[in-house]
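A, B, C, D, E, F, G, H, I, J, K and L are the chain letters, set down in written order, and residue numbers restart from 1 in every chain.
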Amino acid sequence: MASKGLRKILVLHGPNLNALGKRNKSVYGSKTLSEVNGLVQQRARELGMETVIHQSNSEGDLVDLIQKEAGGASAIVINPGALTHYGLSLRDALEDAGLPVIEVHLSNIYAREPWRAHSVVAPIARGQISGLGWRGYIAAVEYLSTET
Amino acid sequence: MASKGLRKILVLHGPNLNALGKRNKSVYGSKTLSEVNGLVQQRARELGMETVIHQSNSEGDLVDLIQKEAGGASAIVINPGALTHYGLSLRDALEDAGLPVIEVHLSNIYAREPWRAHSVVAPIARGQISGLGWRGYIAAVEYLSTET
Amino acid sequence: MASKGLRKILVLHGPNLNALGKRNKSVYGSKTLSEVNGLVQQRARELGMETVIHQSNSEGDLVDLIQKEAGGASAIVINPGALTHYGLSLRDALEDAGLPVIEVHLSNIYAREPWRAHSVVAPIARGQISGLGWRGYIAAVEYLSTET
Amino acid sequence: MASKGLRKILVLHGPNLNALGKRNKSVYGSKTLSEVNGLVQQRARELGMETVIHQSNSEGDLVDLIQKEAGGASAIVINPGALTHYGLSLRDALEDAGLPVIEVHLSNIYAREPWRAHSVVAPIARGQISGLGWRGYIAAVEYLSTET
Amino acid sequence: MASKGLRKILVLHGPNLNALGKRNKSVYGSKTLSEVNGLVQQRARELGMETVIHQSNSEGDLVDLIQKEAGGASAIVINPGALTHYGLSLRDALEDAGLPVIEVHLSNIYAREPWRAHSVVAPIARGQISGLGWRGYIAAVEYLSTET
Amino acid sequence: MASKGLRKILVLHGPNLNALGKRNKSVYGSKTLSEVNGLVQQRARELGMETVIHQSNSEGDLVDLIQKEAGGASAIVINPGALTHYGLSLRDALEDAGLPVIEVHLSNIYAREPWRAHSVVAPIARGQISGLGWRGYIAAVEYLSTET
Amino acid sequence: MASKGLRKILVLHGPNLNALGKRNKSVYGSKTLSEVNGLVQQRARELGMETVIHQSNSEGDLVDLIQKEAGGASAIVINPGALTHYGLSLRDALEDAGLPVIEVHLSNIYAREPWRAHSVVAPIARGQISGLGWRGYIAAVEYLSTET
Amino acid sequence: MASKGLRKILVLHGPNLNALGKRNKSVYGSKTLSEVNGLVQQRARELGMETVIHQSNSEGDLVDLIQKEAGGASAIVINPGALTHYGLSLRDALEDAGLPVIEVHLSNIYAREPWRAHSVVAPIARGQISGLGWRGYIAAVEYLSTET
Amino acid sequence: MASKGLRKILVLHGPNLNALGKRNKSVYGSKTLSEVNGLVQQRARELGMETVIHQSNSEGDLVDLIQKEAGGASAIVINPGALTHYGLSLRDALEDAGLPVIEVHLSNIYAREPWRAHSVVAPIARGQISGLGWRGYIAAVEYLSTET
Amino acid sequence: MASKGLRKILVLHGPNLNALGKRNKSVYGSKTLSEVNGLVQQRARELGMETVIHQSNSEGDLVDLIQKEAGGASAIVINPGALTHYGLSLRDALEDAGLPVIEVHLSNIYAREPWRAHSVVAPIARGQISGLGWRGYIAAVEYLSTET
Amino acid sequence: MASKGLRKILVLHGPNLNALGKRNKSVYGSKTLSEVNGLVQQRARELGMETVIHQSNSEGDLVDLIQKEAGGASAIVINPGALTHYGLSLRDALEDAGLPVIEVHLSNIYAREPWRAHSVVAPIARGQISGLGWRGYIAAVEYLSTET
Amino acid sequence: MASKGLRKILVLHGPNLNALGKRNKSVYGSKTLSEVNGLVQQRARELGMETVIHQSNSEGDLVDLIQKEAGGASAIVINPGALTHYGLSLRDALEDAGLPVIEVHLSNIYAREPWRAHSVVAPIARGQISGLGWRGYIAAVEYLSTET
């Protein structure tokens, strides 16, 4: 799990997060995914870390990505979108990766529909950040920069 | 949501609906998907509407399709197949689209296995038609033609 | 159950549907029951069918009506109102009638209070149409005109 | 509650039982309600008891009947039909009557749909007979003839 | 909903409440319904209000009464009897009436059988009074006299 | 399953029924099991039937008995005692026997502890008689005498 | 429990009720706790009764208060605030006090979040008044003045 | 469904099974998927059967594969990975295929997290083998070789 | 637990399995228990193992057998029959034995009544084979022959 | 139930308790059942009481024992083993005995699998001691010695 | 955790236990808390142990006490009163203390209201004694005196 | 809610958090509460904010603190300890405060006992941070510094 050179963080966005900036802004904020990714990348660099960032609407693709990229990474930051609530294949891939996982949600999933309050990923995550908007990704990256 | 020229309706078929005409005919009817699509297209044209029709066995593809096609459409008709019961990513994509959604089921999902009686899509749909066979699609198209 | 001459459809409206046009219009629409019935009758006639239409606020009366009228009818269209959720006597009467039943709801019962999302009638219905407003009755009549 | 002269038994049939002989015969048997009533009346007479017999499809009517007739009766035999499962007003009327109640079901309600296996009346009944067909009424009458 | 002249309160009693004074007195008290109604009427008059009072054992009748009488009334006081727990048609009629509703129960419904502790009417009521015996009606009338 | 000569009925009593006459008499009555068996035997004889009667406190023994005796019998009357609620091996043995089964309970199992209201045997029984005391056995025997 | 001289009523307010007049006024009304207490005290005096009134944000304090004050009181009026839903120690203290308890809620707890619809106190209360605002306390006091 | 020439078995592996040999070895064993497939293929050949073997992390792909390959196969062996617990589209595809299905799990899914103990596929499978490691596939192939 | 000489496998059959060949053949197959045992014994011998085989309809006997025989055995194959679903004493005995346990079911317990889909034994078993008929026992024996 | 001469206590051990000293010692302790019984017997004697001690793996036997021995005893100490969780026949036998029952568990049943935390015997017991190892039996005997 | 000199036991009583001797005596016994404490203290002394005893109606106080006193104690005996059922802060404090905890209940909590049958403390306790009245404390002290 | 001069953040720690550094370090970390508070204070100062920090083991105290301090603060950071799961009074106080609330948990509450996975506070919080150890407080403070 150690990485020579810069530590690399795998950042994953699940279904519908590519629509950020367009989908319900009062819930998800007005920044586009590209803007959020830029901020994440910049903060990671300031902290001496690289980022590999992907988004997919397909659970299968996310599993493929984790299998392919986890080997070279030291941690995973993931916003699984609605897969949070039923993506058990994604959960298994994350657990198999053997890396610290920080689960991020833009909105507070505990203040919305009841089914959003249950994450199948959380039990294998190191931590979860919910409701801080795009700053949740930043907080995740900062936390991971202190992990040794 | 307004569309210049002809109104366009996005018609989506979820997993296993490409097997229509082969899969359990007493449940799903004997017409193939191609035949059903032909009837839908024809009725839409009679009512002065265009149709864009897709089928996929993959939830991720359906989300991609909605993100790509919803912008130019004024409504969505969808038979989510078994995704009806767990496809929360699909549900979010449909909600994000901001269009009237009519959910169609060939069979009466309330007269089969208990798990089929719960739709995760229905709470964000305008309406649902269940058990009318292929005519359910026609009814959906006709309803949408009266929406102003 | 066959009928000589015109096919006859029994159209039944359950409790509080006589208040249509007055009760919550954003949910139920602004047409009165009489106007809806007129449209249903007219569409049935165009399709070569007769209609017998009744409304009652009493489950017992609805059961009486089904027992009395089903013999001469070839199908039933019913909006059971709130009886949808607990009217098991009504359900039994409908099943005993041995006719195709189309259950109609003006509003989308799956997008309201949780208790409205369960129909005790649906398991014995041929199909269900929910959320299309008064056009749901028309769709039901059209569907039944194709039944042979 | 005592009655001078002959003991009188109030026999009540709930919704849809007037359709006996027509509704699903493999479940409910082929005798009409009138034939069943005749057999009940005859057996009661043999045992020195009078019967007062009513059927109604309306819960309100059944409550009215119990309030009116229970005073002169010494016991109640009731087949509540589908009200068995939700007729709490009927239940209260039966309890208020203060008489022994025998609940009868033609079919075995424990071998059908799950919701039929719960009776809201049973907790205030003296006993319940289920699945013996019309002979269940006879058994109820015979049991009551031994009550002193 | 405004009423010229005296304010009018619609007072409704559900199933089995006509048996007050006879049914279980340790639970429901020893006054007859007629006596209770007299006290309610008198207190309303003292407070400058008229009352229209009905009792029925039939949910359908209660719905009919609400539809007929609510127009001229400024509030409703209702003891739905056992319909409290399943009378969804009654609930819809009360909500459609658009008036303040006070739900009254003679006994404390939270200290009896578990099923009595759930009211389908309460979510659309202004308030609920339970366990104060006939004085609950008086408290309801007094509360409504202060509503402006 | 047919039997030449007299029809034979297998009567089975489950755990603790050998304590009849001693255990809670207000619930189970004051007759001993031997007295009840005598009455059952006598009534069966009057109706031209033989009885084979056994009691056991062990589920395994009851299964053994059914396997051994069902071959020569034309019906089974069983009071499974507390096995009613969990004796799935007993249930399977009864179903395997392929005979009409009448389930008898001395007390009304629906008016006692909640767990007594669920019978694992009932779904494979022909009928169930509950709360008629020892007369329930008599009613069962009489019913079976009319079976052809 | 009897009290010489004036009857004394213990009035208790639970957590956050000291914030009345500031907290959500559309739910709880605009009067301060001090104003409400003044009205309660005045009405009690008119009816010839004394009041002892306390508020605490701590369940332990409320239990202490009940143990200390109940001896000299003849009844308790309590608005347990959110303790209504989990304050089992408070419930036991109220039951131990052996006095009539009237539970008061300013808002209609049955028309808010689902968890507010369950009171652990209600099963040991004499009655409950919910949704009448501060007038609920007055109604409680008036009811208790008629208790003998 | 019959196949001329050799019988062909479709062997499918769901999400994360391509990571065998790397993922938690104490749970899933130390053989790679390729090694397992080799053993399965060899055993099938010994028994005179062909195998077509696929793995995918995507439910949509698995549905596509079943639709494409089932026509030429006489049975399916599938380890659905985590899709076992929510892959209803996969379930429908398997049922539509109309072939005997053997569901295989490397680990004992009944001795792990509670959610792993429920398979949505099992109700339409012929059989299920759980906890025998890679030998479960061999047992499945051997069973199918005896099917005629 | 090691055994010198031949490895010995304890094979146990629970309630009603002695009726194999007679009980529902479409579910359980047409071989008698004796025939099945012969096949198991033969296959074990081919693989160099001994078998000790017992059947009992009594849970207590099965516990006794496990306590007596487990000491000399190296593994257990058990079909607990209906005890699968409630035989917690059997479960404890199996766990106490400290041997690998393979649970076998002739039918697919996940495709029958819901209560059959839960095994209290499975959480302490090494593996479970369901729905392969008598071949399930053979597969169990073969698996155990590879255990070292 | 009184006994002349020494008071006699019936001590019963359920399934698998004869394996004490061999089964999981970290859970159940290292003493054999014989050693535990010796200590119980000795303590009872010191307190002037006799003991009758039995163990059985069969629920039926335990019921037989209670029926046979309870007459001469003044109290029962029972560790029902796994029957604690489903042995309703045992529960009925214990209740029928009409004696004080102390339920003993060696391990703390509330700190193990969830199903162990529910005892069907506890509601009819005088008391329960859980987690004190063999000293729980001693505590039970000492408690009973003070009962008069 | 070791203690020089005498071993010290922390004895804690939760809400309403200071009312012992006054509150429902048929449930809780007639001794006052002071009398119970005297007996506990005396028995502890006989066994060579010291006791520190506190009662509080406030969960916060109990947590404070545990944090303050646990350091010098070698075990805790606690009757959490109604906090047993929801006092999760108390539970955490007890677990943090790292001492053996014996949970004591005067009454049999499994024979009262259903909500009393669940203890949030029990899963972290060494053992639980329920229903032995004040002798339960003595048994706890005696058990702890044998702990080494 | 505005504050002149520096923005002030109210930081609250619930029950048992004063034991940080002593309680289970592998779960909660090795820093004492005092050390954590120092880090929080320092980071707040760097960001130009003041902090007011309190810990209490009593829910009532926490409610008092919120009522007293919220007026002068612009946001609340709270780790409610075990009150997270049942502290509804705390929840109401937080909601009444009308400030942004960030809920912090040192450990990942979704990877522990099931009851820890439900927060009654979360639905009224702006966001929640779980499992980041003491850095969760820092992330909360940093997030709040960007709120305008």
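The rule is short, and it goes like this: a contact is a pair of C-beta atoms (placed from the backbone, for glycine too) under 8 Å apart; a residue touches a chain by one contact, two chains touch by 3 or more.
Model, not experiment: these values are computed from the prediction.
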- Smallest number of contact steps required from chain G to reach chain K: 1
- Task: Return the distance between the CA-based centres of chain A and chain K, expressed in whole Å.
- Result: 47
- Task: Starting from the mean Cα coordinates of chain A and chain L, work out the distance between those two points in Å.
- Result: 24
- Return the distance between the CA-based centres of chain B and chain F, expressed in whole Å. 55
- Query: Which chain L residues sit where two or more other chains touch them?
  - Reply: 58-61, 86
- Among line, ring, star, complete and other, which best matches the way these chains touch? other
- All pairs of touching chains, please: list them by chain label. A-B, A-H, A-L, B-C, B-H, C-D, C-E, D-E, D-F, E-G, F-I, F-J, G-K, G-L, H-I, I-J, J-K, K-L
- Item | Residues of chain I touching chain F in the complex | 14-16, 18-19, 22-24, 56-61, 81-83, 85-86, 115
- Message: For a test of understanding, state which residues of chain E touch chain C in their complex under the given definition.
- Response: 58-61, 63-64, 67, 86, 88-89, 91-93, 95-96, 120
- Message: Under the definition above, what is the set of chain G residues touching chain E in their complex?
- Response: 102, 108, 110-111, 117, 119, 122-132, 135-136, 139, 142-143, 146
